Structures are given as structure tokens and as C-alpha cells.
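Okay, handing you the structure first.
Naming follows writing order (A, B, C, D and E), and every chain is counted from residue 1.
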Amino acid sequence: MILLIILLIPIITGLFLLVLRDPATVRIIALTSAIVNLLITLGLIISVPSASYSVNWDNFMGTQFSLGFDGISLIMLLLTNLLFPFIILSGFTRSHVQIPVLNFLILFTQSALIGVFLAQNAFLFYIFWELTLIPVYFILLLWGGENRRAITLKFFIYTLTGSLFLLFGIIFLFQLTPGLHTTDFSAFNQLHIAAHTQTWLFWVLFIAFAIKMPVFPFHTWQPSTYTMASKQGVMILAGVLTKMGIYGALRFLFPIVPQGVIYWQNTVIIMCLIGVVYASVIAFRQTNIKKLIAFSSMAHISLMAAAMFTLNYYSTQGLLFQVISHGVTIVALFYMVHLIQERTSTLELPHMGGLKLAAPNMAILLLIIVLGSIALPLTSGFVGEFLIIMGLAKLSIWFAVFGGTTMILGAVYMLYAYQRIMLGDKNPALAKVKDIRTLDYFILIPLIAIIIILGIFPQPILNLVEVSVNSMQKLLIPANEVVTLFVR
Amino acid sequence: MKEISSAIQLIPLENYIVLSIALFSIGMMGVLFRRNTIAILMCLELMFNSVNLLLTAFSAYHSDPSGQVFVFFIMIVAAAEIAVGLSIVVMMKRNVDSVDINLLNRLKW
Amino acid sequence: MSALILLTVFGIIVLYLGFANNKALLAPVAITGLVISMILSLKDWGLGSKYFHDMMIIDNFSIAFNVSMLIITILIFLFGINYYRRMEHHVAEQYALMIFALTGAFLMTSFSNLIMLFLGIEILSIPLYILAGGKKTSYRSNEASFKYFLLGSFATAFFLFGIALVYGASATFYLPEIKTYIAQFNGHLPPMVMLGLLFILIGVAFKVAVAPFHFWSPDVYEGSPTLVTAFMATVVKTAGFAAFYRLLGMGLLPLPAPLEKTLWVMTGLSLLVGNLAALNQSNFKRLLAYSAIVHTGFMMLAMLSQHDSSASVLLYYTFVYSLATVPLFIIFIHMKRASKGLEELSIFRGLYKQKPWMAVFMTILLMSLAGIPPTAGFLAKYRVFILSISRGYLAISIFAIVMAIIGIYYYFYVLREAFSESDNPNPIEISKLNAVLIVVCGVAVLLLGIFVFQIPI
Amino acid sequence: MILLFYLLSAIMIICALAVVFSKNPINNVIYLIVCFLAMAGHYILLNAQFLAVVHIIVYTGAIMVLFLFVIMLLNLNKAIILRKSTVTRVSAVITGGVFFLVLLAATRQTFEIHARYPFASDFGLVSGIGKVLFSEFLLPFEISSILFISAMVGALMFGKKDV
Amino acid sequence: MVALNSYITLSWLVPAFPLLGFLITGMAKNRLKNNQAGIIASILVSLSFLMSAFLFFALRSSGQESATVTLFNWIAAGDLKIPFAFLIDNLSVTMMLIVTGVGALIHIYSIGYMHGDDRVNSFFAQMNLFTFSMLLLVMGANYLILFIGWEGVGFCSYLLIGFWFKNPAFNYAARKAFVMNRIGDLGFILGIILLFFTFKSVGFTEVFSQATSMHSGTPLVTLITILLLVGAVGKSAQIPLYTWLPDAMAGPTPVSALIHAATMVTAGIYMIARSSILYNLAPLTMNIMIILGLATAIFAAVIGLRQNDIKKVLAYSTVSQLGYMFLALGLGAYSSAVFHLTTHAFFKALLFLGAGSIIHAMGGEQDIRKMGGLRKKMPVTYFTFLAATLAISGIPPFSGFFSKDLILSKAFENNPLLYILALGGALITCFYMFRLLYLVFFGSQRLSTVHPHESPRVMTFPLIILSILSVFGGFLNIPSLFGGDSRFGEFLNKSIISGITEELGSATEIGLIVSSLILLGLVILYAYRIYVKKADIPVADGVSTNIFSKAIENKFYVDEIYSAVIEKPFGSLSDFFFNKVENKVLDPAVDEVGILTSKLGNLVRKLQQGNMSFYLFAMVAGILLFIIFILIV
């Protein structure tokens, strides 16, 4: 029941918002609901070992409206509910354009995301998976920037393309289930699918997640979409939506097609690592700061994807840790970027510089976020990336070397960007830029605090996922043995 | 009369089939061939009639009346259809002063 | 059966009301007739009665489809109240013709003799030929009417030829008998019978606008009065598929391999051609026409994946599709009026700005057509895919999925227009009734997508 | 008897071709009428007297008159040169020919068609047809009235000049 | 830990003080006036020093070799358990003393040096943060805590090099330093990971206790040591990653003294000394270190010959001295390396602070050719600088003599050729240091626009203390040759396992010392002749006469080569990826699918011509095809 409450709070609040007029009230109610949801989630994490909610949906498609969670879901749930208050808070600006609708869409997204992470039935999962796309599409379309019409459509189609393959996969699995067919994950997990089927089914399932994450070479929707997206749009996209891909892959690929995973393991890791290096290298020469961060995010996500496929304990732990860490960091980063854009009315690095003189506090906060992004020790990024690189190294030292290039290249382009924005001599065009306001502190300080606190005390998060990771490892170990036979 | 009623046993069924097919093909060819809508309607009639002939022949060879009843219905329908078709032609002529089928190309792509 | 009779009677009553020049009463009377007819239909549920030497079999299948068509027709009539308000002449005829067409559709859902199928198709078609030309002074309407008529008759000729050939071999028009006749060949049919069956299938395929026999549909949809187009796109398609399914289910299944392959080719072609042609379509009605062709492909997929629940899925699909299509046409009518008669996609611009609720419901409807959850359209596609994948038609399923993606593109293209700013916004006026109806349809589409049920037919 | 068949067939084919190829609409109608008369002969040959009569009444009597009437009404009685392009016409002929051949090929590989009932020469008479029509085929018969109503309404609607 | 000295548990206070300082000066940077920040920072670092000294004595009195202080569990994932722990042993205490001691002096010095800068509070905050990080580095009980400090100091170095952020060149230098360090860091972290996989732990004690039982030359250990070495090379500015260090002189001079001379750059030496057991197992790595160290020592010294910026000279000298330390490490003389590290910390800090004093006096001028005659005007600076110069040149009994001689003799033990090369480097060092000394302090003042004066007390006080240390620091470790007991070395050897055992005969050693001293004297004389006797030389010094000297002057074009070989291709690669791969292949590929479909769509639409006869034909054609299809199939 508590899960249902968590799921429904945002959407019901969102619907309620639609009848309101006053932007201030709308924002406050939205924020309150998000915070309440966060508190409930925290309570859930701390005190409820397990909960589930299940209603029979229909009697002929094997569909259950069943919610439940494990450690991995909890991480994702935590991330979602952690970030959304900030995302809503970041809308407390002077803009008055259709605030109820915007907040409704945001809360709608939140509900859908929570649904994705709690669904225990593949069909339900798919519904929520697609549902996230709808509000996000409108957020992007209605509040986006330049050239948004074409870009949103491309984004939408691209991601949906993947999803439909996923749908195919779900149905395919559905009809494999014994007896009365069902789409419950538990039934899927017990399927023993022939090895050669797994090899192709893997891609059918993976392609949706690969596009969502995105993994090289399925990423081309991402830079333009991020660049065009509005503040809250990009925060949702980069902060949470990309994690859906990771979650989906963890939920679908490993338990259901373990042999497929192992069969394609190296291919996918190499793909991801190409993505890491590729995105990092490209980021180096970007002049648009949002694009730069988009590519940097891609590099980080690619590394996480690679970690996912290393199939060992450290990477998986690191991956799940990094989910939170990256989410928080990238949201802070994009918020900062928009702050800068609002102040300087440009995103082009060559037009900036010397901002630190006008806005020293902004510079410090940005620097800390940048450090989190480049994984300096004692920031959360380090713990995650260290574990990830460790996992990669366990597989092959070369994987670790290429994965580790984010450390170097990340420093190169992030510091370059920082330098171009903040440092340098006084820029007459930006001399009157105002420093950070109270609202910005309310958003940035907690996020930064999370970055640093998780860097110093990562253990709670690591403990949270330990059980799930262990169980996942157990799933894969027998598969490992089977697959060696199969490959021979 | 007796002669006629037994004629059916002398003429092979194949002949009727071939004849019908030929008529049908000619009708179809006419539909493709003509530009005048009225002529096209006539060719359509030819096609229907070839079917009628075929059905009657089969009916006779099976000695089954239902085939002929069907022909009767086809005639009914054909009459109704032609009435509607001709009225459309009349209307068209009224609107564009032509019965040329090639003029019907505004709705496209 | 009583439903059918009642329907006819009401058709004639409406016609007489027309003579009495009582425009205001037309729609209420017609709708009353439809409602009563619906009630009468539902009374027969589960009885499975046969009429007149098995000419008609009214079983759950036909009742379900009939009721579904009745609901859609009621919807169209309700919209018609507003639509026909501006029309001076022949309003009663239009209502009556639609009711007559509906009787034809009823025959198509419940025939068991080819003659009934033939008559059904004709009774459905002839009113439609007339309705398509409903705007007498409009050249486009004329053209649509004549194209529909000529191509329709042409197809009928082939259909009849097919019947003749089958009759020649089997000496019967009864589907069950034909079925036993075919069964004796064990799939190796003599060419003549095969040819006959092919022609019959083509005749029905033409009615539901399956590629490559779809050429009429975009032109006719575009040229016809919009409400008629809505009727054609929904009720006619539903009836066509009911007939198709009945034809296959009662008579021809299991199909001989060559015929089955032919139908698969048609399915694939429909999906492909419809989608590709819709891709760059700028006229909304044509767009929906092409999209209808694509949906035909999906319905074919459901139908050809022979399974116990194929009929149920087919019913669900057609109904859901109709439920989304009709209000879209209505929204289009309003936009067309606002833009002084344009039919381009760009007329939707500024919709969100002016009537946000309408844009929202349009989103839901388009999403349903595109097959995006949580709408009923998604569930419909999902169930189709369950059928086809369970039957092992993986390749065509993947193909259909790829095609669904293309579909999403153009639906969302329209949607994007609705959410864009307009250069010169024209005031959109919409009557309360229509507004309520659009909302009801939108909500229904959502609810059908959320509360899943299956009608046992 | 078989000679009669061939004669009627020849008339039919020739007239049909003439319908297709002659330019004057009036001539077309005349050829078509001749063709239909020949067809009535065929019906008689096939013991379908009822049909033969109905055929002459419906087609020659009603439909063809309707055609003539419309042609007169629309003032199309002079030969209008409405020709499709040569390519189209040639391809029409070719298509027709190919279609004929294909159908022929399909039906030629024929098989034994078993007559359903033993031979009887009287079922095609009015009484025979009538019995069947009003018992087994009563429903279609009644239903076809709807068809006529619709057609009538349509013809009226289209034909009537609105003020 | 049998009798864990309760005092040692307080060791967390050592880094805590600077952290506190950072927080105070950082948070309140807009409130603190004048020198308040500097004073707070200095006091806290001094407290840290006192605490370190206290620990030092506590450790000695406890008689324990080491003590581990675990604060909390940092990361625990499966069998990976990384406590946030400090290891207090002789080596770390030594390093702590150096870091906090020298650090405190430099903090004090900075109060004077940075006086008047409008971001002085930030400066002290960053300096404190640096001290904190450096202390983590030396105190960490496992490689990962060490790595925290390792990266932390790199980051602080980035901040402080780019302290005057208005100058883009400085920012570039800062970034370069950070990135180059990061290259090393990647190697380091990979090394740590491999260490973990090998030993199932990254704690020093656990790793080393297992390593003792391993065979020399194990490939895995060699790989680990090489990877760790990569980290050290980056941090300690060895070939090929040294170029950041000279550029790092962009920072304020106290920063150069603290970070780029005394402490941070020696982190690599500390780390390798700490891992001595592992390195003893990897002869290959040792040889690499010898080659790298020696090459760096000579190469940097040669470049130093022709540098005219006072800080650049010192920077190359630092690189060169670090090379010596690497040489010592490579020779297995870890304690010698640490000893040299210690003395180097004293005299190089002193040199930098002296340089800072000079620059301060010269009003920011850094070109030595424009200086001269400062001896009289800045006596304290002069004398302290002189002491440091003598120390670095290796003149007895200054501290540098003892430490450098130790390394040279170890080199001779290994291979006389090494000795000769190392000695050559030392001579060059001597020459450029004296060149510097002469040009700055002797002759007459060449720039008339400024009026140099002695620096304030707060700056000279640290100079004096450091000069005392530079002079007498060597006595910490008097070799047995001079009747000493190598106490420092012995002290360290409790924490370090030396790689060599044999000792030179005292006769040889005396011979070597004498000959080297003679050569040094000659060099000093020669320098005197060139730079003091001929007053016009400095001008000619700026004009390159031949290719070789031109090459030296331009630092052998290493920066240019790096730029051409790495930076530019990398940029081009980036452009290539973005402009060609992303924008011409990948993105269009996706779009192209759409465009192609849409083109196909237009094609299909063209079929729908609106022409009836076409439709009829199409229908018939379709039917025909299907008929043929079913007849054939």
C-alpha cells in the first residue's frame, strides 16, 4: 500500500494543480508533495524491509498491477524522489508561463518513473516506461529552446523505437511462460530460454535501454535534445530518465537472458568504452556548454553501462552508487548551467569568461560540482567510478585503462569549461552579472552536500544495494558456467 | 422445347466458362480502355453479365436453382448500382460539363 | 434480427421526417432508433440464433460487432447534429442512408451465405457511394463519389466472379458447406476454386482497403464530407473486417497456403504503403486515410494469427480504432471551419493555445492511434502482437513494430502542430455537445486502455 | 444446338468488342443491347427461362433505356472523341488479353465438377425459381428492398436540382 | 597493536587542524580582515606541527614501530574494505613533520608575501586545504586514503597555480598541471586496483606482510609497481610528465615553495618509499626508475642553465633534484631518497621563499638578468639564499652535501657510470645555482625603476629558520664515514625495507667526495668568472649563439613537441569525431533512415496519382499478380 501511495502522490497532486491558478500556490503544493514523497521514500528505505502491492489487472493477459521493490529499485526510487524536489524547486522563478501545466507534467513524470522502478510485471513496467516519455515530450516541446519541434520529435521517435522492440521482447517472453501466460518478472526470471534464442533476444531487449541511456552509437538524439531542453526538462532527462535505461537493463537482461548477456558481454563493453572515449574526446572541443555537459554525461553513462556488463560485484555496486551520484551531480551541473545562461544569456563558452569576478560564490559552487563530475576523491563520483574501474579491471586491465580515460579527459574538458566560464580577466559584458540568490542556494547547497557526504560516507548506499547485487551475482554465476559450455 | 432443355447436356461446361471469361475480360478491358464514364458503366455491365452467364451455366449443370436466384439478385443489384452510377454521372456532368474520367484527378497524393 | 428490422423501419421514418422538413427531430429519432436497436441486439446475446434457412446467424460475434458499430454510429450522429445544422438539403437522406448502410453492415457481420455477404456489401456500399457525393456542388465530392462507385463496382465484379467460380465447383453458397467442400482437398485446391476464393477475398479486401486495393480510400476519404469519411473509416472498416473474419472463420480457415501467403503479403503491403504514404502527407483527411490503411494491416495481422481470441482482439481493435478516429475527424472539422476550409495539417496550429483541453484530448486520441500507453490503442496493438508472436509470426511482427514506429512519427507530427504557435489564430468554436463528446471519447479511450477486459466471442 | 451456342457466343463477343471499341455512345448502347439479347438466348439454352425473361426486362428494358435516356439528357449522342493515350489503350488491351489467358489457364487445368443434383430441366422455370426464391431466399429478397430504397434515395438526391 | 598509545589515536587532529582552518577561512572569507586569515591559518598549521611533533615523540617513546588509527569505514563493498585510517610510523611521522613544519613556516611567510592581495583569505583557505590533503597523503593507512590526498593535493595545486585567475596563461598552467597529474593518477589507481586483486587488500600493513613472501620479479608485481610509478612520475614531475612543474610557477611564490618544491612533488618519492617492499620485488621497475631519475636530473639541470626567470630556474632545479631522489629510489636507497627529500624540502623551500622575497622587493620582476647587486640591500635574504645555494650545490657541511653524497655513493656502488652522470648533473646544478646567485646578488643593479628593500620580519623569520635547517639539516644523518650513526636512515628503515645491503669502503668514498668537491669548487669559480667579473655577460646571455644553447633556452622544445604530438592531434581528433563521425556519419545515419523513409514515402505517394485509370490498372495488375502468385506457389 505504501508503494501505491508513493506512486500516486505525485500524479494526484499534479492533477489537482491543474485546477489552480496562482503560480505561487501551485509551486508550493508541488514542492510539498515532492518533499512528502521523499520523506515517505526515506522512511520506506529505513524502516520497511519489504512491501508489495498487487491487484489482478485482467484475467487473460497474465497482467498484474503489482508493485514491489528490491535494492536496485530502491536506489532508483531514492534518486527519483530525491531529485524531483529540486527539479520542482528550480522552477521557482519569475516566469509565469503555465506553471500548473508544467508542474503537472513534472509530477506526472515522477509518478511514471516511480512506476517504472516499482513495477513487478513487465507489462506494467512497459506502460510506465512509455508513460514517462509523454510528459517529458511535452515539457520539451512546450518549454524547449531553439529548434525544439524537430528535435523533440526525433528524441521521441528514437526512444520509442527502442521501446517497441522491448515490447516485442516482452510479448515474446510472455508467450514462453508456461501454463497461463503471464508477464510477471518472477515468471520471466524462471524461464530457461534456449541459448541461441537468448543471443538475439538480448539485442531486442537491450536496444531500448541502449537508446535510453544512451550507449554509443545510439546516442545521437541526446546532445541536441539536452541542448534544446528547458532547465527542468534537461534535469529530468539527464538526472533520472537516463537511469531508466540502466534499471531496465538490470531488470531485464541479467535475470532473463543471462547467457545472452555473457555472450555479448565483451561486445557491449567495448561499445560502451568506445562511447566513453568518443564522448570525452568530443566534449573537449565543444563550445556550447550544454552540449559539452551532454557529451560528458554520455561518457559517464557509457562508463556505467560498461560497468553493468562486467558482471562483477564491484562494478555493479559502483554502478548503482554512481546512479545516485551521477544523477545528483548532473542535475546540479545542469542547474548551474542554466543559472549561468540566465545570467549571461549565452551558452557559448567563447562569449563567457571572468564570471568569477562578478559571481565568486557561483564559481565556487560550480567548481565543487565539477569536481564531483570528474570524480575527485571525497566526492561521490569517485566512489562510484573507482568501483566501476575496479570491476572493469577485473575483466581486463585494458578495459580499465579505457574506462579510466574519463578521469583524464573529464578533467580536461570540465576544467576547460570551468576556466572558460569563470576564470580570466574581467569581461565587460558580464560585469553586472548577479551572484547566486537564495533560491539557488536552496537547490545547490543540498545537492553539493549530497555529493560530498556520499563521497565521505558512501556506505549507506552501498549497503542498500548489497543484497540485490549479491542475488544478481548468484543469478549470473550459474549462467556463466552454462555459457562456457555453450560457447564451446 | 424438349430439344432446348436437353441442349445443355450437349454443350460442354467449359465452353460457358471460356465464354464468360472472355466476356469478363472484354468488359474489364473496356473499363480500362474507355474514357467516357458512360461507356465504362456499360463495360461494367458486361462484366456483371459474364458472371451471370457463368452462374447460370453452373446452376444448370448442377441443376441447382440457387445459382439462378443469385443471378436474379445480381441483376437487381446491378440495376440499382447503375441507377446510382448514372445519377453520379449526371451530377458530374452538371458540375463540370464533361463525362471524361480523366478529369477526375483532383484528389491525389 | 429484430434489431435489423427496427433499423430499417427507423431509416424509413427518418426519410419521412425529411419529407416533413423537420430537421430538428432527425438526429434524435435516428439515435433513438439506434439505441433501441442496440438494446434489441443485446437481448440476443448468447442465443446464437439462425434465421431463414441459415441465411443469417446472429451469434455473439455479430452482436458484438453490431453493437460496436451502433455505438460508433450513434457517436457520429451525435456529432452530426452540429455538423448538419448548416446543411439545407438532404439531411434526412444522409441520416437514412447511414442507417441503411448500417443494415448492410449488420448483414456483413452475420451472414452465412455468400449471397447475404454480397447483398450486405452492396447495401453498405450503395448508400456510401451516395453519401460520398453528398456535397452535390463540390467537384471533389463528385469525384470521390464516382471513384468510390466505379472502383467499388469493379471490385464487386471480381467478387461476383469469384463467387461464381466457387459455386461452379461446390454448387453451394453456404459457407459451412463450402468449408466442407474445401476440406476434402486437404489444402490442394484445384486452381479454379483457388481463383474463386482469391477473388472473393479480394472483393472483401477492397472494402477494407487493404493494399494493393487501397487506392480508392485516400481519395474518397478526402473528397467525401468529413462526417461521411468518419463513417467510412470506422463503421465500414469494422463491418468489412467482421465480414472478412466471418468469411475466413466460418468458411475458409485453414486457408490453403498460397492464399494465406497472399493475405500476408497484403498485410505487409498495407503496413508499408499506408505508413510510407502517410509520412509526408499534408492533408489531414488523407493522413487518416493512410493511417486507416495501416490499421487495416494490424487488423489483418490479428485476423490472420488464427487464435481463439482473434475475434475478440479484432473487435477490440476496430472499436478502439473507431473510437479514436471519429472524434479526431470532428476536431478536424472544427479546425477546418476555423481556418476557412483548409485541410492542411497546419490548421491545427494554435489549438493548444486556444483550447488546451481539446489539444489534450487530441493527444490522447492520437496516442491511441499511435499505440502508446496507457491508451486503448496501445492495448489493442499489444494484443495483436500477443496473437502474432504467440503464433510464431516473428518476422512480420517485427516488421509491424517497425511500421508502428513510422506511424508514431506522423501522428506526433500532427500533435506537434497542435502544440505549436499559430501565425494568425482563428477563433475555434465548438458546441458544448461536441466538446462533451470529444471528452467522453478521450476518456473512454483512456479507460479502455487501463481497465482491460475481454468480450467472449 | 452447339452451333446455336457458337452463333450466340460469336454475336456476344463481337458486340462486346464493339461496345468497347466503338466511339459513339448511342452505338455502344445498341451493341450492348444486341449482346444482351444474345445472352438471353444463352439463358434459354441453359433452361433458365425465368432469367431470360428477367434479363430482357431488366437489362434491355430498363437499364439500357436508362443509359439511352442519360445519354440523351446529357446530350452525348454525337461521337465524342474522348480517347485515352495510346499507351493506356494498348496496355488496356494487353491487360485484358493477359487476364483472359491467365484465367483460361487457371480454369483449363480443370477437374471433374460433380453435378450436385441429377439433371432436371424444369427448375429454371418461373415456378421452380419462385419456390426457391420465396422460401430459402426470402430474406435476401426482402433485404434487397433496402438496397432499392437507398439507390432510389441516392438517385433522387443527385438528380434533384437544389434551389 | 599491543599497547596502542592513546595519544596516537589523537593523530586525526593533525589533518583536522588545517581542515578546520580551511573551513574557517573558506566560509568566513568575506568577513575576515587584513591578516586575520593568514594568522588563523598559520596558527592552525603550527598546531598541526606541534601535534605531529608530539606524535613523533609519542611514537618513539612507545617503542612501537607503527600504529594504525581507524576513524570509520569508508568503502566496503564485498571483500573490498577500505577503512578511513591513518598509519603512524616513522616514515609518515617524518613526512608529517616536514609537511607541517615547512608548511607552517610558509604560511607565516605568506602573511607577509600575500599582504594586500584582495583574495588573501581564499589563498589561505586553499593553502590549508592543501596541507590537509598532503597530510592525508602521508598519513593514510592504505593506498586509497593516500590516493585521496594524492588527488587532493593535485587539486589544491590546480587552485593555487591558477590563483591569479585573471591571467589565462596561469589558468592554462594550472589546468596543465592537473591534467598531467591525472594521467599519472590513472596509472596509480589502476595500480591500486591491481594491488587489491593481488593481495585482496589495499592497506599498507596487509599488503606488505603478504608481499614479503613473494618472489622477486613476479610479473604482476612488476606491473603494479610500474603503474604506481606512473602515478609517481606524474606527481613528482619526472620525464615525460615533468613539463607542468615549470609552468606551475605561475602561482604565488609561497605556493611554489610549499607545493612545488617542499611537499607535493615529493609525494611520489614518499609513495615509492612506502611501497619499498613491492619495489624490491620488481628489479625491472627499479631499473626504469634509475633511468628516468638520472635522465630527469641531467635533462632538467641542463635546461636550468639557460633559464632567466628566477622561479623557472628553481623549478628546473626542483625537477632535477627530484630526479636524484628517483635515482636513489631506483638504487634501492629509499631512506637516502627520503633524506634528500627532507633536506631538499628545507633548502628548496628556502630558495623559493628567498626568490619570493626578491620578487617582492623587485616589485614583481622575475627576470634575473634585470636584477643584481641585491646583496647589500637585502642582507638577510642574501645570506639565507647563499646558505641554500651552498646546500643545494652539495658543499659540506651544508645539508645538501650529506644527502646528495649519499645518493652519489650509492650510484657508484651500483655502477660508476651512474656516478659520473649523476656527478655531472650535480656540477651543472652547482653552476646554474651560482649563476643565479651571482646575477641576483652580485654586480650592480640593472633595473633602476625599482628600489629594492629587505622584506618584513614576518617574511625573513621563516627564511632564517629554514636557512638554519638547510645548514644543519644534514647532521640528522651523518654517515658513519664522518663518525655519525646515520640516525635518520636508521629511523626510517624501521618503515622502509632497503633494497641494498652492501656498503662502500670508506677509502673509496673519501676519494669520491674529495674529487667531487674539487670539481664543485672549479665550477663555482668558473661561474664567478663569467657572471661577476664580466658585467656585460648577462646581456649576452640572452642571445643564443648556437643551436644547442638555443634548444636549451627553449627547454628542448618539449612543450612544443607535446603540443604537436598530443594536444593538437587530440584537438583534431575531437574535431574529427564531432565534425566527421558525429555530424557526418552517426547523426546523419539516423536522420538518413528518416529521410530515406520519407523519400520512399513520397515515392509511394506519387503512386496515388488521382487518376482513375491508373487505379483500375493497379487493381487489375494486383489481381493478376496474385493470381499468378497462387498459381505458381
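Going forward, a contact is a pair of C-beta atoms (placed from the backbone, for glycine too) under 8 Å apart; a residue touches a chain by one contact, two chains touch by 3 or more.
This structure is a prediction, so every number in the text was calculated from the model and none was measured.
S.K.: Which chains sit in contact with both members of the pair chain C and chain E?
M.R.: Output, common partners of chain C and chain E: A, B, D.
S.K.: How short can a chain-to-chain path be from chain B to chain C, counted in steps between touching chains?
M.R.: So the least number of steps between the two chains is 1.
S.K.: Going by the average position of its CA atoms, which chain sits the greatest distance from chain B?
M.R.: It is E.
S.K.: Counting only C-alpha atoms to place each centre, which chain is farthest from chain A?
M.R.: Greatest centre separation from chain A goes to chain D.
S.K.: From the Cα centroids, identify the chain that ends up most central relative to all protein Cα atoms.
M.R.: A
S.K.: State the pair of chains with the top count of C-beta pairs in contact.
M.R.: Chain pair with the maximum contact count: B-D.
S.K.: How many angstrom lie between the centres of chain B and chain D, each centre taken as the mean Cα position?
M.R.: Chain centres of chain B and chain D, defined by C-alpha means, are spaced 4 Å apart.
S.K.: Indicate the whole-number Å distance between the mean C-alpha point of chain B and the mean C-alpha point of chain E.
M.R.: 99
S.K.: Taking the mean of the CA coordinates per chain, how far is chain A from chain B in Å?
M.R.: Computed from C-alpha means, the inter-chain centre distance equals 67 Å.
S.K.: What's the distance between the Cα centroids of chain C and chain D, rounded to whole Å?
M.R.: Taking the mean C-alpha position of each chain, the two centres sit 31 Å apart.
S.K.: Provide the list of chain B residues touching at least two other chains, using ranges where the numbers run on.
M.R.: Only 17, 24, 27-28, 31-32, 35, 57, 59, 61-62, 64, 66, 69, 73, 77, 80-81, 84, 88-89, 91, 101-102, 104-109 qualify.
S.K.: Could you tell me which residues belong to chain A and also touch two or more other chains?
M.R.: Touching at least two other chains: 157.
S.K.: Two or more other chains touching the same residue: where does that happen in chain E?
M.R.: Counting only residues that touch two or more other chains, chain E contributes 594, 605, 608, 610, 612-613, 616-617, 620-621, 627, 631.
S.K.: Mind listing each pair of touching chains for me?
M.R.: Between chains, contact exists in these pairs: A-C, A-E, B-C, B-D, B-E, C-D, C-E, D-E.
S.K.: Quick check: in the complex, which residue numbers of chain E touch chain A?
M.R.: 72-78, 80, 144, 147-148, 151-152, 155, 158, 162, 165-168, 171-172, 175, 178-179, 182-183, 185-186, 189-190, 193-194, 196-197, 223, 570-571, 573-575, 577-578, 581-582, 586-587, 589-591, 594
S.K.: Taking the touch rule as given, give the residues of chain D at its contact with chain E in the complex, in rising order.
M.R.: 84, 88, 91-92, 95, 98-99, 102-103, 105-106
S.K.: What residues on chain A touch chain C, complex-wise?
M.R.: Result: residues 57-61, 63, 101, 123, 126-127, 130-131, 133-134, 137-138, 141-142, 149, 152-153, 156-157, 160-161, 164-165, 167-168, 171-172, 174-175, 181 of chain A touch chain C.
S.K.: Could you pull out which chain C residues touch chain D in their complex?
M.R.: 8, 11-12, 15, 51-53, 55-56, 88-90, 93, 96-97, 100-101, 103-104, 107, 113, 115-116, 119, 122-123, 126-127, 129-130, 133, 136-137, 165, 168-169, 171-172, 190-192, 194-195
S.K.: Spell out the residues on chain B that touch chain E in their complex, using ranges where they run on.
M.R.: Chain B reaches chain E through residues 28, 31-32, 35, 101-102, 104-109.
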